[in-house]
Each structure stands twice: as C-alpha cells, then as structure tokens.
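Two complexes follow with chain A in common, the first pairing it with chain B and the second with chain C.
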Partner chain A sequence: MDPRRTARTVSGPKVRQVGFFTPAPPERSISDPPRFQDPIQPPSPSPTQVNDHSPSGNSLSPVMIPPAHHHSDNFLRTALQVTSPTKAFSYSAKTVTIPPENEDVASSFSPGRKVFSAKSPSSFPGVKASSVPASELTTVSVVNLPPGISEKAGGASVEVQNDRPVSAKTLKEKTSKAERRALQEAQRAAKAAAKAEGTKASSAASKVVTSANTKPSKAAKSSSQKNDGSQVAASEKKGGDRAPEKDRKKDAPHPRMQYDDKSRVEKAKKRAVVKQTEARNRVELFRHLPQYEHGTQLPDLETKFFELDPMHPAVYKVGLQYLSGDIRGGNARCIAMFQAFKEAIKDYSTPPEKTLIRDLAARISSYVSFLIECRPLSISMGNAIKFLKNRIAKLPLALSESEAKSTLMLDIDRFINEKIILSEKVIVKHAVTKIQDGDVLLTYGASSVVEMILLHAHELGKHFHVVVVDSRPKLEGQLLLRRLVRKGLSCTHTHVNAVSCIMQDVTRVFLGASSVLSNGTVYSRVGTACVAMVAHAFRVPVLVCCEAYKFHERVQLDSICFNELGNPDAISKVQGREEINYLDGLVNQENLQLLNLIYDATPSDYVSMIITDYGMIPPTSVPVIVREYRRDHLWS
Partner chain B sequence: MDFQVVVLAGGNSKNLTPLVSKELPKPLLPVANCPVLNYVLHQLEQSNLKDLIVVVEGEDAALLVGAWISGTFIDRLHVEIAAVPEDIGTAGALRAISHHLTAKDILVVSGDLVSDVPPGALAATHRRHDAAVTTMLCSIPVCGPLESGSSGGKDKAKKLGRYNIIGLDPSKQFLLHIATGAEIEKDARISKRILHAVGQMEMRSDLMDAHMYAFKRSVLQEVLDVKDTFQSLKEDVLPYLVRSQLKSEALLNRTPQGEENSNEKVSSQNNQAFISRILANASTPSFHGIYSENPDGSSSTRKTHKCCVYIASSSSYCVRLNSIQAFMDINRDVTGDADHLLSPNNIIGPSPKLGTKTTVGPNCRLGEGSEMGDKCQVKRSIIGRHCRIGSHVKVVNSVVMNHVTIGDGCIIQGSVICSNVQLQERVELKDCQVGAGFVVTAGSEYKAESLAKKEK
Partner chain C sequence: MPDTQALVNDFLNKLKKRKIEGSQATAKQTAELLRSVISQTRMPYTNQAAALIHSVKAVGERLIAANPVELAVGNVVRRVLHIVREEDLSLTTAAMAGLNLSAESDDEDDTDRDNHPALSAAAIAAASRSTLRPPSLQTLLEDVPDSAAVPHTSSSGGDSEGKSKSADKSSRSRKLKHDVIEAVNELIQDISTCHELIAEQAVEHIHQNEVILTLGSSRTVLEFLCAAKEKKRSFRVFVAEGAPRYQGHLLAKELVTRGLQTTLITDSAVFAMISRVNMVIVGAHAVMANGGVIAPVGLNMVALAAQKHAVPFVVLAGSHKLCPLYPHHPEVLLNELRSPSELLDFGEFSDCLDFGSGIGAPLLHVVNPTFDYVPPKLVSLFITDTGGHNPSYMYRLIADYYSADDLVLERRTTSGN
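Moving on, here comes the complex of A and B:
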C-alpha cells in the first residue's frame, strides 16, 4: 500500500477536493467515468481518468499522470493466457464418446425428420435398450435457437462448453498468485519510472493501455476502446465517439426511484421480473421506499424458474436466496453475488455480432436489476458491482473471449480475497489490540467481522466477557451467540430494550456496519444507533468495524431518505406464539400502519473510532479514505 | 437452468388393464381425447423445458410413443426417446439412461401426471436449498365420481391405504420420513437421529407423492450405481435418501466437493473455507447444519444432504393416472373443473353430426367425425373420434374412445369403452371396462366387469 500512497500524493493537487462539489461542468462530464446506472451514486468528481490522446481531443485534465504500469499489466496477462488454449484442448478427449449425439444435433435442423436410427444402441450399460430419437428439435420460432441447442444438445456439447472455461480458469488460478505478485511489482516499477519521467511519459504509454491509477479525466470505457482501437482498427473510432455521449447521459445523477410516484412505479412494475404487489398502509414518511407484499413474491418467482431464459441459474439462485432471506449480511450477500456472477461469466459466450464488453456489461446489468427486484442492494454490493463493471469496461478489445472471461473471474476472486477477506483479517488484527483482559464487550446483531474479532481474541487467550444485544424480529444475535458459546466464550444475551441497564458494565462496544458514509454516519442494522447513543451517554467507546469497500461517498443525515423496508408481518406477528398475535385481522385496517425498518443511520458524534482495513480512524477521516482509496477499489 | 428432464412414461400398466394394450400403451391412453403424455409434455413446454428424455418401457411402446410425439410436438420440443425393458422399475429405467444425464440437476416426472403445478416451482425450491432430492407433494385427490358415488366406495377405501405417510419438519420444507406402498401397513420406523436433530416432526397422511422429483445428478447416479437392487424411485430411492439424510455416506457429498476443490489452489483453500463460513453464518441454519456441527462449533466430517419438499397449493390440480378409478376421475375433472389443463392443441374437430332430439349435456367432449343417431343422451362423458352411435343411446359418466360402434338402445353408465369396440343393440353396461376390439353381443347386461378380448 505504501508505495501507492506516495505515488498518489504526487498527484495530489488534482484530487484534493474537500467537502461538497457542484456537479462537474459539461465538458468535464464527457470524460467522467460511466455511471453504470448505480442509483445510489450521486455524481462525483471523477477519480478515474485516463490520459487521453484520443482523437476527440478533449483533454481537459489539468494534470497528466502517466498511466505507467498498465502496459506491463496487460502484457503479462496476455502472455499468460496464450498458454491457456493448449490446456483447454486436453479436454477434448472427454467428448470422444458421444459423437452420435452430436450428429443428431446437427441434423435436428431438418424439420419433421423422423429418425429411427439406433442412436448409440449399445451404449446403455447392462440392459438391452436403445434410444430412438423420435422427434427432433426444430424450434425455428424460438429466439435463442443457437445457444439453446448448443447448450442442450445432448451431453457432449454441454461438457465441452463447460469444461473449457474451467480449464482456463484453473490454469489462471494456478498462476494467479505469482502473476499478481509480478504484476504488482511491475506496477510499482512502472510507477516509479513514470514519476521520475514526469507527465511527459504519459503520451508514450497511453497509446496502448487502459490505466488503473491514473487520474486525467476521460471516460474509462471510451478511452479504453479508443486506446486499443488505435491499434486494432481505425473503424473503432465511431464507437469511441458515441460512448462519451452515452456517458454524459448517465452522468446525470440517476434519481433513485421514488416509490410514492405512482406513474413511475407502474412503469417499473411492467419491467419487473418479480411480481411486486405494493403493500398497502405504508407509513407516510417512508412512502418513497419500495415495499411489497411479502409472501407473494417467492412463489411467483419460483413458478417462473424455467421461464426466465436470460437469467443464469446461479444468479437466479442467489436472487431466490435474497428474497427468502436465506442469505443476509453485507459481506455474505456480496460474496454470494460475486460468486454467482463468476459462474455466469464462466458460462458466458458472446453472441454473434456483439462485442463482449458491451454485451457482458448489459448482461450483468440485467442480473443486477433482477437482484434489486429480489431485494434492494446493499451499499457494499453497489460498490462491488461498480468495480466489476469498471473491469468489464476496461477490458482491452484485443483480448479474446476466453482471456477476457478468465481475467474477469480473476478480478472477482481478487476482489473477494483482497477487499473482503484480507480486510477482515486486517480489521481483526487492529481490533484485537483494543481488547484487554477483563473487558466487557458489547455487540449488537450479528456482524461477521465482530464475530471474528471476538473469536480471535478468545483464541489469543484474552479473558473478556461478551454481551450480545439482540432485537426482534430477526434475532440474528442468537445465531452469533450460539457460535460464540460453542467456542467457549462467556456471554450475556439481552434485548435492545435492556441496553441502558447493561451498558454501565460495558467497557467497549463493537459494532458492525452496512456502510460508512462520508460524513462519518454509520449505516447499519436498525437499532445500532440506539446502542451507540446509549454507549455514548455512558461514555463507553464505540468502535465500528467496517471494511473499506463498504465506504460510500454519499452524505446522509437521517435514516429516512435511504432505507429498506422489511416485511411488516414480521413485527406484527410473533413466530411460534399464535396466542399473542393480537394484531391478527387488523393488519389491513386503514388506520394501522406497520413500519419494519431494516437500517438506521448513526451520527458520527456517537462513534469513537472506525476500524477499517487502513487502520483505526476517527469518523471524520472517512472522506479521506473514500477519496484516496476509492481508486484502489475500482481499479485494482 | 442446467436441468435435464426425464419423463418416465411407462409402458403397459397392470393397473390399467384392460384399457391399455399392446397397441395402446399407457402414455397414449386418451384422457379427454388427448393422450395422457400430452398433459405432461404440454406442462413442460409451458415451463419452457423443451429438451426432454422420454423413457418408455418396451420397444414397441417406444416406437408408438415416438411416432406420436414426433407427430404432435414436432417443431416444438426436442424429445429423445429411450426404450427400456419392461418391469425394471422406475429406478431401473433411470439407471438405464443414467449415462445420458449430464446436467447438474435432473427433473424426473412421471408420464401419467396430470397436473397444473409448474415444475419450475419444484426446481426453484430444489436450487434454493441446494438439496439432494426435492419431491413434490400434493393433497390427495378426491376420488370416486361425485355424482354416482356407488362405484367409488369400495375402491376408495382400498386406495386411501395406498398413499403415503409423510413426516415434515415444522417449517414444512424438509422431508423427514416417508412411507410408501407396502410399508404403510407396517409400523412406521422413524430415525431417532433425525427426530433428535429436528426436535419436532409433523406426520401427514393427507399428502401424496406426486412423482415429480428433482435430483442432484451426482447423488442420483451414485445411489443408482451403488444400490443396484433398487427398483423404484418412490419406494426405494426416495425413502433411502430420506433415511440417510443425516448419515449420508461420503459418496453423496464427495463428488460435488471434489469438483469444487480441484478448481481451487491449495493456498486459496483457506480463503475458500473463510468464504463458506461467512456464507454459512449469514443464513439461518437448517437442522442439517446444526446437526453436522460439532459441539465446539467447527463443522465436522458428518455428511448430510437435504431432502426437500415442495407442497403444491391445495388449489392446484395434481392427479396421477395410475388406476382405472383415477382414469375416470381425471376424465371427469379435465372436462369439468380443471378444464384449463386441456392444452390448446387439443383440437376439437368440426362438431359431430347429431341426430334429432339428441342432447349433449355439459362437461362433455365429442371427438371429430362422430355420428349420433336420434334421441341420444350424453352426460358428463367423453366420446372419441369417428364413433358411430345409434339412436336411443344413453351415455352417462363414461369414456368412449375412438372408432367405437354403439348399437341402438344401449345404456352405458360409468364405463370405459376402448377403441374399436362394437356394442350391439340394447347392451347395458354399468361400471364396466371394455378392452379394445371387443364385441359385446346384443342384449347383454354387465355390471362392474372388465371385458377384454382373450389374447393368445
């Protein structure tokens, strides 16, 4: 990290914009990074710029930073991938056994042909049997004919298709660590060299490459295309010119859907895959947030299982799990989503007459909107998606499909490993130093990082007591408690109602967070604010543990404008206690409104310290991290 | 969606004699003038499952079914037909084609299922839980004709015993116990281990296994390989999987894990474990997860797999055609309450020629080219194509297949009359089944009998 940091200070003057900014002037916006329809994201000063020596010539960037290392980066990668096909071919042996099926497939285009040839008659082991291809697939009317057939046609082609990406991937991964090391080294070297050379160097380098840590303002997509286009074909220019316009459109802050705007809601509903019945009786203040009748979505989505053709099964599964609440928690949802995307990319093949970059980006967007329909994205997921889309947009055009795919899968792995797992480890390392013998630690809900901190401290032999505060309706704390108790920690369990009573014994409060916003506001499971405030009143330090990839540059002062509404039934009913469901039958009354908020915002005043992968920082330093390191999140 | 569909169409069913014969295998048995297999295939087609393997018992039957499918579903479905020897059971049939199975999950549907439950729902449940097997349960259909209850009475008592006894967990998502067939009569043996892990089990006898399953392919193939005595999916494979869900032999879990791990580098395995722990902690553990945990919280070597259920809502229609009574019921329902099941391709030909003063009541279906004489009465019945019915004939609650000739003055109640049957004048049939090509002599009266040509 350190060398990068110094590198950045050189380019400081450009980035040092503190506080709020007015939207960039139109000229700037041309070169701003593509917005990728992230509704959460307000317009922001572009952190990501490429030196442009592009034909359009709108090089307004005041500072030119050499896009140094990327040359080597790409070079390394392509060099690596050249070897992969050989590996892939070794799999062809597998397909040998099934040629008859393939023949069938090939012939299946002749409609109405009745073939009673003994198709692999002896291939049934043991029993005497033969399969008769009675009717051939001749679906001309189906739109997705070519992929459909190739996917479904017998076993052979499926295996071939599946195996190839796998092989590429394994190879990729085998070398990935070494490669990553080499890459990093190369980057550093290049950066150092570039620094020495000064801004002039950029002109030479930028011709070839997409850049990672460079600043000058240029839309990532268009520039990468252009830069490569200059090598590949001049005709690519046209596409390059069109891109900025698109970007400009996207640049306008994508307004978040306001769900009290009826006409818009109707429109959105028409697009929606998941059947969304708006819940009645919503609380006035929260009308702008989406709230659907729970319980209708899941069965409906389930019945459509086979009908959502473009949806990848892995993505679909994750969506179902979001919807049914099988996966929750920012990190878990993010990892699950990325793993699903990885699967989807693995099985992706570019349709004819389309470019991978655009088509895949569109594909990912459709997946994302499906996931949003299942459950609104968390901020961490938004950031992760932004990262992935950036990576897709920045893929060099010259890359072959398999190379591009393996690059992306590698990127996803790296994101999970570095941004989530490594940073959790670092946070644990930092936080453990704050735990001393005899401490009484309080935590609220179930945060994966806090759990790891507690377990790690326990492993180190520290003697401390844990208070797990929980709240209805999710009772996530109980799951945490269960795991802690099994590991032998001494615990107290209480509900949030009693937090003021127990707080006087507590020496530290550890909280997880869904996100930390740039004014230091901690956006987390509802109830966190309450716990933090009580702790503040008792002068107990509140330590918020949050990975840096969850930071967001948005500023939020209350928990009203952005939030998520849960199932209102969850608070009106007590599971397993039929006898105390006093609200039965009242739920649909006009004058009863149920509010089940999922998140709340804790003002930074109540937070003593934020423990993140860059160290322990005061909440006021969050904007610095967001500004300084966001490039890392997006580009690395 | 990485699902492969296997339709077990069956061949000649003993339960359905004399309705089925060599010329008319069970899959082609007409229900409301439309082969029963059509209902399944149509349902699958609606769900966008266009790539099917249809397994038929017996070579001849396979040829017949194949010819029919290629005639009907041409341009619409990609169907492969596999013929397997007769009497090898459902498990045997799957074993015979198991090397054709390549997708991650296999959807196995019985060819005699008449249902409007979307298979997607089952598949989605299966995927969501990452189950080894998911089975669809539906409520036991009301059997016996609604109006003329007399015929159903005896059958009903007999048949209720044949359905399943099913144990579910409190959330009604997992299958804990299933007793089928002959086992129902015996004492129920419930695994203590399962009961201990779950804590509470709900026993249901009002649910029926609809014979629509989603299997994880690796699990299915392992079981079929190792347990080569297993004959039936319903009576052997499914109970075995349910029984062993908490002590699942290593083989059930080994394959998928092996695949995953081989992709990962050794160094990243640590991370992998990390990820899986985060994911596992993020969700509410099912009893499988809790059980497989060691007391200290680390996940142990105990292997488990999940057996899930999808319970069709009570408003949906779901019946298997596995007995003559069921055949009658389905015929009645399909023309009556559940007429949405009739696929649009079930073309009803130009309306048949009716004689004067002939009345055709509601819930009837007349095939094309049928002719009826004067003063006939048809109520709640299905009449196939090219039938010739004389005058003064009364047909109530019956199924008359194609090319049947009915003489004047016949009275047919609650009966099934197969193709090419000739009823001479003044025949009275009540609750009878008449096999194909049979000739009923004039003036004869039968009650609750099964008439068929003596073969050989």
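Moving on, here comes the complex of A and C:
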C-alpha cells in the first residue's frame, strides 16, 4: 500500500507540470531544488506521521504559494526542516525498495520536482514541523492543514491524506462516514464561498488558513483559485459558460443507438472490444435493440484480458460481473461501476501532452462502452455516468492531477453516499409510514429498497403480511422471499399469473423501479406493469419506490421502443423443471423466436404514488423532480 | 348392473385423482359413461323418462362431487338429462298428435320447433315447450295462462303423459331409450368435433399479418390457428408460456412444427407485448352463464391488459364448456390449488414451509391456483361451435342446451357433501 501511494504522490507532480503554469516556478525551481531535493524524497515514502503529511503537503503546495503568510511560514519551516534531514534520509532509504512504479515516477519526477519544490516549501515544511517538536503554533497549523488538503485536491489518493494526517489511521478510506461527510460539507461550503466571494476570498482565505479546523478547505480552495491567477479564473469562467450550453443541449436526450441501422452497427462493431455473434432468431419487433448470443462473450473476454490494456482491471472485473449476472439491480450495478471507476481514476495518470480533463473523459467513455458491451447500461447508470463526466468536464484546469483525481473520487463517494445510500434510507423512512398493522403488502421481483422497507417495518414491530410475486426467468422473488422469511416475516409466495387471484386480499403494492421517466412511466423489471395493472383493477394503491437519481427526462409510452433483451435460452428451459423440454430440439427453427424482455414500462395511471428521496409524489410530478434534481445536484 | 358400477367407480377415481386433463376429454368420457349407464338402466313400464333421469342424476351427482371444479362433468350430465327430457317430450307430442289429430300436419310435429303451427295441439305443445325452455318472448306471447302450470308439468311431465298413453308402451319404451342413446351419441360426436367446428371460423377472424397472443396451451386454440394457417393466412403468434405449467412451450412447439411464426414470451412480458398485438385468442376452462370465463391462471391479467390496449379478447369454447351456473366468488370457489412444488423447490424452502415461527403458523405460504376468472366485461367475443357470441348472449345459449330443472342438480350434491 504505502509504496504505491508514495509512487502516486510522486506522480502527482507530473500533473502539476501540466496544470500549473504560473510563470514564477521556474526561477524558484532553479533556486530551490538543490535545497529541497533531499528532504522531499524521503518524506514521501515513509509511512509514519512525518511523511504522511508530506504527500498532502505536496499536493497542497501550489495552492499555498501566494499568501504572504505562508511565505513567512515557509521560512520558519524551512528552518525547521533543516533540523530533520536525518530522519528524512532514513526514510529515503526505504523508498529505494519501492516497486517499479517508482522508476517511471522518478523519470518523470525531475521536471515535476522542480516545480514541486518551488511550491512545496509552504506546506512541506509544515509537515516537518509537526514531526519536530517545534513551536505549538506550527503544529497547530499542520493539524489544520491536512484536512483541507485532502478535501481540496489531495496529492495522491484521497484516503491517504484523509486519514493519515489526522490520527495516523492505517486503514485508509475506512474513516467514518460522518467524517467524510464533514469533509464534503466543508468542501461544498468552500466552493460556494469561493464563488461568492471572488477576489476577496483570497485574503479571507489566507486568514482562515491559520485559524479554524474546517475552514482550511475553504481557504485552500479559494486560494488555489486566486493562486492560479487570471488564467485559472478565466478557465473557470469558461467552464462556467460551457456548462449551461451543454445543459441546454442536454435538455433533449440524445437518441440512443438503434441497432436496425446497419451502417452504425457496423461502425460500432469495429470499435467493439467484445466480439458478439448475433442471435440466431432475432425477434422482428426488436430489431432496433442489440440481440446477441449470450454466453459467447465471456470466454472471449477472458482470453482477451491481457490484450485489452486500456481497460482497468477493476472495470474489467465489474464488466464480467455484469455479464455473468453476479451483480444485478440498479443500485448494485451503479455502485459497482462507480467503485471500479474510482479505482481506475486512482490509478490514472495523464499521458504526456494530454490534458487530464479530456483524456480522463475519453478513458471513462471507453470504460463505459466496454460495460455496455457486457450489458446495456441501466438508466440509473446512465445518469451516474453523466454526473461523473460532468464533474470531469468541470474540473478547474488549474487543479493538479492528484487534486483532480481526489476531487473526482470524492465526488464519486459523495454520489454513492448521498444519491444512493442516503436516499434509500430516506425512502424507507417515508414508506414505512404507509405500512400499518394488518396490512397485506404485495411486492414483485426483488427490489433492494422494498426489501429495506419491509425489513425496517418489521423491525419497528409492525404486523403485516407480505406477498412476494415472482416470475420467470430470473426468479428473483425467491431470493427476496428467502431473505424475508429468514428475518421472520410471514410471507406468501406466488407467480405473476396468479396475481389476480391474490390481489383481492392485498392492501398495498410496493414496487421497485429501474427508472422513472418524466411522463410518469415507471420503467422496471418486466412484469411490474402487469402487477400494477391488476392492482389498479382491484383498486389497490400502488407505491413505487425509486431514488431520485434514477429519474430520467426521457419519455416512453411502451416497452418496445427501448428495452433490454436477456438471454433467450433462459426462456426455453424452465429452471428446476426438467420435464418441460418441449422446445429442446427446436431452438434453431427459424419460425421460433424466444423473447426474453428484461424491463417494461408501467403507465402512470397505474401508479398511485412514487416514493422518492424528495418525498412522496404523484407520478405527474416526476418532471419537476427531474428538472430540480438536474439543476440542484447532479450537474452543479 | 355391476359393469356400469365398475365403470362409474373407475371414472370417479380418475376424476378424484385429476387424472383426466382437459375439459374436452372429461366431457367426452362423461358422456360415454352416461350412455352406458342409460343403456344398462332397466326400463319400467311406466314413467320411463323419470327412471332414466333418476339413474343419470344418481351417477351425475357422484361424478360432480368427485371433481366439483371440473364443470364439464356437470355440464354433460345436465345435457344428458336435457336430452332425456326432450326425447321424451318429442315422443309424447308425436303420440298425442298421432292420437288426436292425425289429420293435422304430422311431419311438422317431428320437427317440433318454435315454428310449430299452434292451432289444435296448442295447449300441450306450448306447455311442453315451455317446460323445456325458459320462457322466450314467443312462448310468452303464445299462451300466457299456461306458463303458470309449467313447473308442475315439467317435474312430472313424463309420468302424467306416460300414464295417459299405455297403448303403445312397449314400442315407446324401446324407442325412448334408443332415441336417448342416439342423442347422447350425437352429443359425444359434437364434443369431439367441436374443435373443427370452431376452427372452421378461423379465417373469418384472422386476417393477413395479424399478430395474435395466447397464453398457455389449448387444443382449441391450436386447431383454430392451424386452420387459419392452412387457409394460407400468414400471421404471427406470441405465446405466453403460462406458468406454472408452461403449456405454452407445448403450444409453441406445435405451432412451430406447423410452420407458424411463433414467439415465446414470459407471462410477465404480456403487458409489454400486448400493445403490438391485434387479437388475443385463448381457450377456456368453462364459460359461466353470465358470460364470465373460468380460464387457465393468468388470463385475467391478459384480459385486463387487452382491455387497456383495446385489443379484442376472444375466447374459444366448445358448447360442452358452457355452464348454466352463475359464478359466485369464482376466484376461490371455482378454483383449485396445485402443489407448491411447481413454484418452489421443496428442498430449498423446506425449512420455511413447516411451522417455523413457533406460533404454530408457517411463515411461508405458497399459492398456486389453477384457474382465473375473467369477468364478462373483459371478453369481447366467444367463438363456440355454433358461431360467435357476445358474453351477454351466453345465458340464452345456455338455455338452449339445458333444462331449467337440472340446475338444482349441483346444489343438492354440494349440500350433500
């Protein structure tokens, strides 16, 4: 771990080379290197408190340059630093053992170093100071600094800086959620402040740096912006201008790939990583959707593992998991994807002569297209990717690579926490109020949110009965049933055909959704529409539980224009019923088509209420949520 | 009559164990059994019709009790009773006509339908007709006063007339039995050919490039579709597999081997696909007097979806499926729950299926019904072997096949059980 981190911290400067283009550094670098070279190297590798700070210091350095304060500090610290070289050297010995990455780092290091050294003094010495029992004042500043650093831009990986400086936690990333949340809050506040305050910010910030604990972030932020001077500001502005334009363009969702368009399919095939053979008997009605042989990609992909070098292993792994069906469900898929992207971003380094923003965006796009080949994206994933790309596009140009990366990783974490985990909790809180003693609740398939609702209501001591309706071919309901029964809920199980027999006893229907479209249509696991329709016919309220991040501005009237097709072979064989083998010899008959739809669209008439993290809304209010959501959170 | 008894018992066993699949087979076997019962019945000199009715009822009650959900049994028993009554009546009227008014049109008596010139034998003919049918507008107009006496004559119709004419008893006794058996043979014939009769109408309902959806498997539907295919119509069929029996796979296989474009879908995809379907054609388990349908499970869902998308929902049903009863709470009372093993693997869930909660009630219930009830408002059209009918017309059709007196049959048996 540590070696890697150090490597990365070292690789950080590379970016700085690109991103940091103030005219000043060269002179300093010239002047500084001799002095600082030694001390710099040692601290980065060493795992103990001393150098723990150093990476963060590195990352922070560009930020810290301008304020006069720091310069004064610098002197102080440089002085202090001089006291500690021996220690530093001892660590440097360790660095030598660090894995290969170090080498290329080293190679790229020298130029970066110069720049780096130029700026580093401010924060860097500070770090030193902490190690050395120096004046109390300095130590305080050190303690204050790290969090700000980690939030702002973080040298290497977020985790490193995040945890280490504060209490030398060895477990990175395991910091309590609260802590991270606090950081995020601070960050957001900082951003807001930075925007609002404008030029004033820098002075204020510089003051702030020395004082409060949470404020450093703000300070760092604003100072960074100031620091980079007019150029940065300009770029920021540009970014700001760009965004609305894009948003406007995005108002109309761009058309999806239509697979009946032969020329485009050919083009796509050329680009494709995975070679897919087309299904034998394609369903005529669904020519516009990809219909490929299932199960053929997996071995192909496995053999290609070493050839696909642009693919990050984590992304690759997730792709395979999608393909094999190990990860399913909108939230799970989305989280898995983001975790993989986080890994990929963590290991990312901008190739020379490319800008991080462009290159990373392209990289992410290639990952996404790979994932699409494994399994078409869910709408929620589409939203999440849009969010991430937006974040990348809006990264201030001035950020160093490491800062940018850590910002992105924080964003990803924030998205997972806020948009998925927290909103699930909110939905549960809302939905539980709709469950009363004696209720008979019906659910279809296996929705993670509905499951949480049911379990939570059970924990609250409500007495109710659950009807789990299931359908072929996935039989996800059985898994849900299993989990519910284990927890002691009393359940009834039946299949989707029998739903009208049982509906008259049901008092409420809880359904999950893959997405809610802006005309109120609920896009969900196939069969949901049937259940909702029967419930509607029996005058049973239908409550759809869906996180707001899954809402989409697209509209859809039927389940045919857009859908996903599963493995047709799953239809011809009935799991666990070997005696049903009528179609065994016939799958190659051209008259026979097997259609395995994955989703369907439930018209909004059947939906009584949509429970989302913004509260409980009628389906007609979906467009409002979509609009607000986009404006407030996702694309800000 | 030991051999009939053995036959009856054998059939009872089969019914109880649900060995006979499909209402057509059940109906046919019931009719055959009743035919042998009739042929074995020793005919008394007087009141022969009553004797026949009695013996048929006795067997019929037991058959119905053996499988109350299989409505075809009751239907056939009632049909046979109706045949007995009608044959008896026609003999009586023929005899009466021969006795009293030989000068009057004899040949017309034989036809003995609604166009009977009610001049001389008006009283008897009208009374007899109204015993057999519920009052129609014509009978009501013909003679209002006599209809009050209808129930009386109907219950003892056979015996009063039998007493009155003892002259040609011997010939009549043989003739009655013979006629009844003839008629039952015809009934059996009808039942076995109803598929063809229904299928003949296929071309009238299926047009070129039609997209048809069906659920599960029904022989009537299969033959209907194939008949249209043979007439060179080309159309596509979506087959929903029909969990938990997955008979749709069987139907799909049959259709594919006969060269029809077939797409097999899951039941849950019915709603998604129905918007692209021109017509839903399904079979039925039984058609109730109100036009409601007892159908394989899942069809209520399909019917609702069809209604939502204004897709015609067509039910194919042979006349033996017409049941003269009105459904009450049919989802429960006319349903049958099958084994949970069709839905869940016992091995996997055995720990949940037993009394796991400690309160004494199992935590897990499995509901696996066989039938669904489709209310008449969801049905667009019935196609029977006599043609297409509206759901609202069903009661009228039923009145043609059954005698009003026999409706009680079932109630007595169910109360007896």
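Definition applied: the second predicted complex is superposed on the first by the 375 of 636 C-alpha atoms of A that agree within 3 Å, B and C clash if a C-alpha of one lies under 4 Å from a C-alpha of the other, contacts with A are read in each partner's own complex, and residues count from 1 in each chain.
Keep this in mind: a contact is a pair of C-beta atoms (placed from the backbone, for glycine too) under 8 Å apart; a residue touches a chain by one contact, two chains touch by 3 or more.
Quantities reported herein were computed from a predicted structural model and do not represent experimental measurements.
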| item | value |
| --- | --- |
| First (chain B), second (chain C), both or neither touched by A:574 | second |
| Dominant contact partner of chain A by residue count, chain C or chain B | B |
| Which of chain B and chain C A:362 touches, first, second, both or neither | neither |
| Which of chain B and chain C A:416 touches, first, second, both or neither | first |
| Partner chain(s) touched by A:490 [first = chain B, second = chain C, both, neither] | second |
| First, second, both or neither for A:624, with chain B first and chain C second | neither |
| Shared chain A surface residues [contacts with chain B and with chain C] | 488 |
| Touching residues (chain side chain A, partner chain B) in the complex | 108, 111-112, 114, 116, 119, 123-142, 148-149, 152-155, 158-159, 166, 169-170, 173-174, 176-177, 299, 301-307, 309, 313, 316-317, 320-321, 324-329, 331-333, 335-336, 339, 413, 416-417, 420-421, 446, 448, 451, 479-480, 483, 486-488 |
| Residue ranges of chain C in contact with chain A within the complex | 236, 238, 241-244, 246, 249-250, 252-253, 255-257, 259-273, 275-276, 297-298, 300-301, 304-305, 308, 331, 335, 340, 342-345, 348-349, 352, 356-357, 361, 363-369, 372 |
| Sites on chain A touched by chain C in the complex | 283-285, 470-473, 478, 481-482, 485, 488-502, 504, 526-527, 529-530, 533-534, 537, 558-560, 563, 571-572, 574, 576-577, 580, 582-583, 586, 589, 591-597, 600-601, 603 |
| List of chain B residues in touch with chain A within their complex | 1-3, 47-51, 54, 59, 62-63, 65-67, 69-70, 73-85, 88, 92, 95-97, 99-104, 118-121, 123-125, 127-128, 262-265, 267-268, 271, 274-275, 278-279, 281-285, 293, 295-297, 313 |
